[in-house]
Every structure is written in C-alpha cells, then in structure tokens.
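As written, the chain order gives the labels A, B, C and D, with residue 1 at the start of each chain.
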Amino acid sequence: MSHDLTDIKLSNAQIAWRAAQDIEDGAYVNLGIGFPEMVAKFQPDGREAIFHTENGVLGFGEAPAAGEEDWDLINAGKKAITLMPGASFFHHADSFAMVRGGHLDVAILGAYQVAQNGDLANWSTGKGGVPAVGGAMDLVHGAKRVAIITDHVTKKGEPKLLETCTLPLTGVGCVTRVYTSLCVVDIEGGRFVLREKLQALSLEALQAVTGATLHLDGAVAPLTAPSV
Amino acid sequence: MSHDLTDIKLSNAQIAWRAAQDIEDGAYVNLGIGFPEMVAKFQPDGREAIFHTENGVLGFGEAPAAGEEDWDLINAGKKAITLMPGASFFHHADSFAMVRGGHLDVAILGAYQVAQNGDLANWSTGKGGVPAVGGAMDLVHGAKRVAIITDHVTKKGEPKLLETCTLPLTGVGCVTRVYTSLCVVDIEGGRFVLREKLQALSLEALQAVTGATLHLDGAVAPLTAPSV
Amino acid sequence: MDKRMASLADAVADIPDGASVMIGGFGGSGVPIELIHALIDAGPRHLSVINNNAGNGHVGLAGLIEQGRVDKLICSFPRSADPRVFTELYLAGGIELELVPQGTLAERIRAGGAGIPAFYTPATYGTELAKGKPVGEFDGKSYVQERWLKADYALIKAEAGDPLGNLTYRMAARNFNPIMAMAAKTSIAQVSRAAALGDLDPEVVITPGIFIDRLVEVADPQQEEDLNRQEAAYP
Amino acid sequence: MDKRMASLADAVADIPDGASVMIGGFGGSGVPIELIHALIDAGPRHLSVINNNAGNGHVGLAGLIEQGRVDKLICSFPRSADPRVFTELYLAGGIELELVPQGTLAERIRAGGAGIPAFYTPATYGTELAKGKPVGEFDGKSYVQERWLKADYALIKAEAGDPLGNLTYRMAARNFNPIMAMAAKTSIAQVSRAAALGDLDPEVVITPGIFIDRLVEVADPQQEEDLNRQEAAYP
C-alpha cells in the first residue's frame, strides 16, 4: 500500500466512530470480539444502543475499573463488563434465538475479506493451526443489518474488498455495509456501491486498492471522522 | 357387557389406585386431564411423585379449597391447583421439552382404544364436531413409561383392547402398560401380555371381552384394589 | 428508549385487516383480556389467530370470534366447558381451524422466534394430523417435519414490565406468552405492574425487552374465569 | 427424594471410560472447576467432551485434556489467550476436534434436551462447515440440517440449588449450563449455595429439578481466571 494512503486513512478508532454514527437510538446491537467492541465508545449524544453479547447478557455497559472485575460478568470476548439499568441474563440457546431469529438490529463484525455479493470471510485464514469459529457464523444471519468494519487492505496491502472471497467463508451474501479506513460501501444487487470516501483520495486511487468495481449511485459523500 | 362384570369390575378410583402403586418415589409424572388426574390421590405412603402439567408447572399439589382458587395457578385441565415445596414455573416450549425430551418417568392417559402393538386412540371419536387434541400427541412420546387407565370395554360393551385401533390414532406403538377395570396388561413385542386379572374372572371370560389375544408370560397375579 | 404506550387503544391501533395475531394464555390464565377487547374496539377483520384455545363465554378471544373478526384459528384445543361461540361458527363453516398438538404448537412458535424454519418431532407420526407433512428417520425412529410459526402481532399478558419491555410473569400465566413475544414482528404486552427502569432484577427477567415492542399498564386485569362466572360479554 | 451427594468424588464416581460429557461454562464463567477436578481424580479415559472452549492454562478442562483423558472435543472456539494444552495436542494429532458454530452448538444441545432430533439453521450454509450435511430450502432461503447433541453426563455450575435439583445461576455464568442440564442422561450440578426445599421462589428457578440428577455444594468455588493468574495446575 502506498505511503500516501497510510497517512490519510482513518484509524481503527475512527472507523469505529463512523460505524457508530449509523446506530439508531434504542437499537439492539452485537459487536464482534476485538476491534468491533470499540464501536460502543462512540455512540452519538442522545442515542443509546442496547448491547447484546452471545454469552447471555443484554444491556451491558463499559468495562469495570481494574480490580473491580467479576469474572461471572463477561462478554463474548471474555472481557469483564458492567450492567446498564434494564439488563437481563439468559442462556445460550435463548441468546442465539435473539441472533438467529432476527431480533438484533445491527451486528458489526471484522473481516478478512468481503465479496461484492455480500459474502464474508472472517473466521479462518485457511492456514492450518487450530480452527475456531465462535458465534460469527450465527451472527451473520439474523441481524437486520450486518456491517463490517475493517482496514481497506491487509497488512501486506492486498485488497479486502473482492469480487470473490478466497478464504473460507463465514456466510454467504450476508453483509449489507462495509466501513473501511478509506470509504463506506453498501452491498446492493451483488455490487459494491460507494457511499462515502476520504476527500483526499481520488476515486481512481480508491479503486486501485479495491479488488472489485466500486459502483456509483448518486453523489459520494466525504468520509470524515474526528480525531478520537 | 354382562351384568356379572359390572358387579365385579374395579371402579375408576380403584383403577387409578392400582396405577398409582407402580409410581416410584420421586418419579416425574404427567396425568392426563379428567379421570387420570385421580391417580395423584392414591400415592402409597412414603412415596411422593412430582407432578408436571403441560401449561408450565412442575411440583403441584391438590386443588385448593373452594373460594381459594387463583386462576393463574391451574393445571392442563384448567382446574385450580396448589404448589408443593420445590415447585417451578416455565413456559410452554420448555414444558414440552420436558415431555418430548424424555424427562418424564410416567405419563398416564385415558383411552378410547389401545392396540396390541401399543397404538393409542384417545383424541377423536372420528364423528365430526370440533376436533381437539391438546397435549396428548406429545405426551405419548418421550415419557419413559406411557400407561393407560380405562374401563375394559366401552359404555356399549365393545372391547377397547384391540388388534388394531379403528379410531384416529393419537400415537403409534407408544403404550407400554394398560390398567383396566378387569386386568393389567403389558405391551411387549406387539402383544398384550396379561399380568394381573380380577380373581373372580376366568381367563376365558376376560378374553371374551378383549379384542385381541391375551398372552401369558408366567403367572397371572390377582388384581386387587381397596374400596377407595 | 421507552416502549410504553399511552393507552390500550394506541397499542393496537395499527393492527390491520388480515393480520396474523398470536394471543398468549392457556385457558383463562395469562390471557391479555384488555388487549383483546381493545382489538375488538379497533375493528380489524379477517384475522388469523394463534392461541392454545378458542376462548370461553363471550369475552376475550370468544368475543373476538363472536364479532366475526377471525377467519382462521390455529390452536390445539378449541373444545372447552363453554365453547358455544367457536363451536357454532366452526360447525356452520364460518371459521377455518388448523389443529396443532400443543407441544408442536409451542415448538413451532419457539422456532419462529429462534429463526429455525423447520424441525422434526415425534408427535403426530402415524396419525391423520401428519398428513401431507414430510417424514424423516433419525437413529431408526420416524419423525414429522414441522415448520416455524410467526405472526404479525403478538398480544402478551405479563406481570411486571419496565420501559425497555423486560417482563416477568405470574405463575402458570406464563405459558405461551414468552415464546409468542419472540415470534411476532410486533409484540405488545399488557403488564399488571409498570416497573421503573432498573427495578427488575436482571436474573429474574423472563422476556428480555428485545422481544417486546410496546407495553401498556393494566393495573388490575380481568380474569376470564371471573368474567364468565358473571356471564359477561364484550362488547 | 434428595439428589444431594455427599462429595464431589461421589458425584462423578460412575463416569466410565468412553463417556460423553457436557461441561458448562463460557470462558471461565460458569465452569464447574471442582467437578472437573473430581473427574480428573476419578480417572476415566477416552472421554468425548462438549464445551464451548478448550480450557485455559492447566486447570479445569485444560487440566483434563493435559492428563490425556479427552479423545474428542466438540466446541466452537478452541483458541484462546493461553491455549497451549489443547493447541499442542491438536497439532500433534492427539485429539479429535468437531468445530461447531456457537449458536448451532447451543441449539443442538437444546434440541437434545427437547427431543428434537434435527432442525434447520441458516448458520454455515455455503461454508466448509456445512460439508456433508443435508440442505433444505424454506420460503426461498437455504438452510443446513443439524442433529441434536446429547451426552451421557453433564457437569453444571449453578448458584443455588435445592434438594430436588432446582437451580438458579449467577449473571453470565448461566450460559450453556441450563441447556446442558437438559441434554444429558445424568446431569450433575455443583452449587455455590445449598438451598433448603421450598427456599427457591418457583418464579426464579431457571433449571427445574427434573433436569438434574445429582448436586453437591461447593461453597466458595474457584474461578478459572483467578487460578490462571496464580499459574495454578491440576492435579
């Protein structure tokens, strides 16, 4: 990847901030473990999402202060959490009934690769080692919106937005929107439709680091995020 | 049915009493609505079964005194009940998970007809009117023992124990034991095996009011019940 | 977010003609009588109703049927002590009945809420209620394939509810209510006690608020058994 | 009836070689550490274990695996912060892994407990984890058929338990415990507090006693996270 893009691209925190702006007040949201958990920090003023974690908690809040952890109160990433008023506990089958049954408004996950038809690869690098899937294959089905947050390219500079995924799939045709370090694209009718891009970046430069055609459907808004 | 049998046959209460003698201490038991509910009254001293009702109560007790009914605390027959210590409430899907999942030790139901292969007909007379099935088709599957209590013949004197049921089936091959007003039979290998009969009744007289061959497998014990 | 509605009328106002409506309750326990009466007042017709029973007397579901609002009933036990309303209409060919064994009804509803489009159950195998349904054999035993059941609306009765829709129930009035709350696009609960946010212990919430869209307090709810003893009718 | 056992050793004494054992917990929450350690002491080999994870450090499930007692693991996420024990054994070909998505794992266990031999789920459709599984189309969408999961034994951690086996849980330590309790022939619970008969409110019982066969009090249970911070090992 060129030096230019590294300079201008959004940080992970900024990508998470951008994704957070699309979450409605009162939305039920599941954030994948790791990077996506950051989205919770950036809820706009006056909006309050209700966060779900696969291991049986609805309505959890921030991490407790160090030393205040209760290891019976953790999220799917095994990190200690706290409760918001109106929280509830339930067992794993009920928790995935929420997921699979279409009750979540948004699931936000990371990705190795996303294809233009909405296929997602985010669980296996296909390289051996110990395979682990967790809840990802369930989360990509059921939530009303499945959004991805990711750097636009891999650490080696290879495109993550592709015509077809080459890594083992997590789900078929499941992704509806992708927030990257360079742009926001929707997946519609088997195509990537560009909605926002960094202003400093030309469409040509963006297309050059994208593995499938970026389609236009009306104006492309500037992608901006504060320093967070 | 001959006058003789009417004189010697067990009453419904006595049939229920006999069925109750086979329920182990601590057994989880579902009693069908109507006549089978009577079985609960005749638990032998020192034994305590735990009663399940489809509408989401485990560990209920006798009916409350008249005027003490709480209509949020009823059994599957919509009769008011009370709670025993150690009771619990649960929703209908969990309730039938107990039934279908093989967690009940005994289900005791009434019958229109029972066939020698264990087929049961107890939900429809096939005559039109409003059909209603309730929980019977679930209860006949899953309980470790499905026992029937019934008069030996219909009100018209026709056999209820048959080679093949003629009425619409509730379940296929599901009954393991039948307690009638005249005898106790097990269903084994597609045959009725006679275990107990009223002493005043000859095997020939019993066979004459039974619609399938009664097989013998060792001694036939006397069927007795106190005046209850 | 606050899911509380100002009135029963507001809570059911948008239920249109032709809607499918799950109604909680078993016999008279857990029946949202006031929500059903508000639905009678609201006036939609050609409803498909999913309930374990067919109502009793002339109130609640029996009242709704008596008003000619229900085209189809999906239930396990439409026969009851005082079944005149449904029985007469059914025998006159005025209402369609889909008879479903109680455990299958519960599991189909739960499957609808849990995103399971089909499952296999031993119930009905070899009986006339299995006619036309796929059969599968697993580990040498035969089972019938059943489909999920969903609805446009669910009318739920609960004991306590907070503004997020977290619910508790009262004894055997729980029955079908929690699973119907999961299986409808819009789930509407009447609660006997409005709890403040944070008042319900997260350990004892039976229906997490994610399954509830609207709730309305009915502080002293009517019980079907009492209404029928009084020979009440609605409207 | 009294399901209380005199000791942890008594509670697991009959678990034989080759048994399938469900073990509750997610990460360290809700893991019945003391029951697992009693199982290590009891000595059975060639176990099939069903758990969401593969253990951490050298205690609990990781300890059981380290002792070479587990031939096969069915789980969703065997990778973790300190996965040496499982990882090394797996990469050396010393243990079989059946990888199941977490929601499918939960639903298969629930199906085992509920007598549902098979069901359809959207999860894994079109992925390599669906290989060899039947596919069904419902309402124009494709689903994968999954089978129930049962076990010979379940090891459960609960908060309070009465002599009939009625259980409550503590916060997110609930996780897989209630559904595993339903899906095993013999379900064994360790409870942090032994409640007297009648002490648990019937409204707040999460696992009705019908699903539990044995229980034993472990008043001050160890937590995996604490043990691993202390770099503990068992035995």
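Quick note on the criterion: a contact is a pair of C-beta atoms (placed from the backbone, for glycine too) under 8 Å apart; a residue touches a chain by one contact, two chains touch by 3 or more.
Here the structure is a predicted model, which is why all the values come from computation and not from measurement.
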{"item": "Chain pair, B-C or B-D, that carries the greater number of C-beta contacts", "value": "B-C"}
{"item": "Subunit B and subunit C, separation of their C-alpha mean positions in angstrom", "value": "30"}
{"item": "Inter-centroid spacing, subunit D versus subunit C (mean Cα positions, whole Å)", "value": "34"}
{"item": "Centroid spacing, where centroids are CA-atom means, of subunit A and subunit B in whole angstrom", "value": "57"}
{"item": "Contacts with 2+ other chains: residues of subunit A", "value": "89-90, 93, 96, 99-100, 141-142"}
{"item": "Two or more partner chains touched - positions in subunit D", "value": "107, 110, 114-116, 121-122, 169-171, 202-203"}
{"item": "Pairs of chains satisfying the touch condition", "value": "A-C, A-D, B-C, B-D, C-D"}
{"item": "Residues of subunit A touching subunit C in the complex", "value": "25-26, 28, 48, 50, 52, 58-59, 83, 85-90, 93-94, 96-104, 141-142"}
{"item": "Residue ranges of subunit C in contact with subunit A within the complex", "value": "1, 110, 112-116, 162-164, 166, 182, 197-198, 200, 202-203, 205, 208-211"}
{"item": "Touch list for subunit A against partner subunit D, complex", "value": "53-57, 69-74, 76, 78, 89-93, 95-96, 99-100, 119, 129-139, 141-142, 168-172"}
{"item": "For the subunit D and subunit A complex, residues of the former touching the latter", "value": "26-30, 52, 54, 76-81, 83, 86-87, 90-91, 97, 99-107, 109-110, 121-129, 169-179, 206, 223-226"}
{"item": "Of all residues in subunit C, those that touch subunit D in their complex", "value": "107, 111, 114-122, 136, 138-139, 141, 143, 147, 168-171, 202-204"}
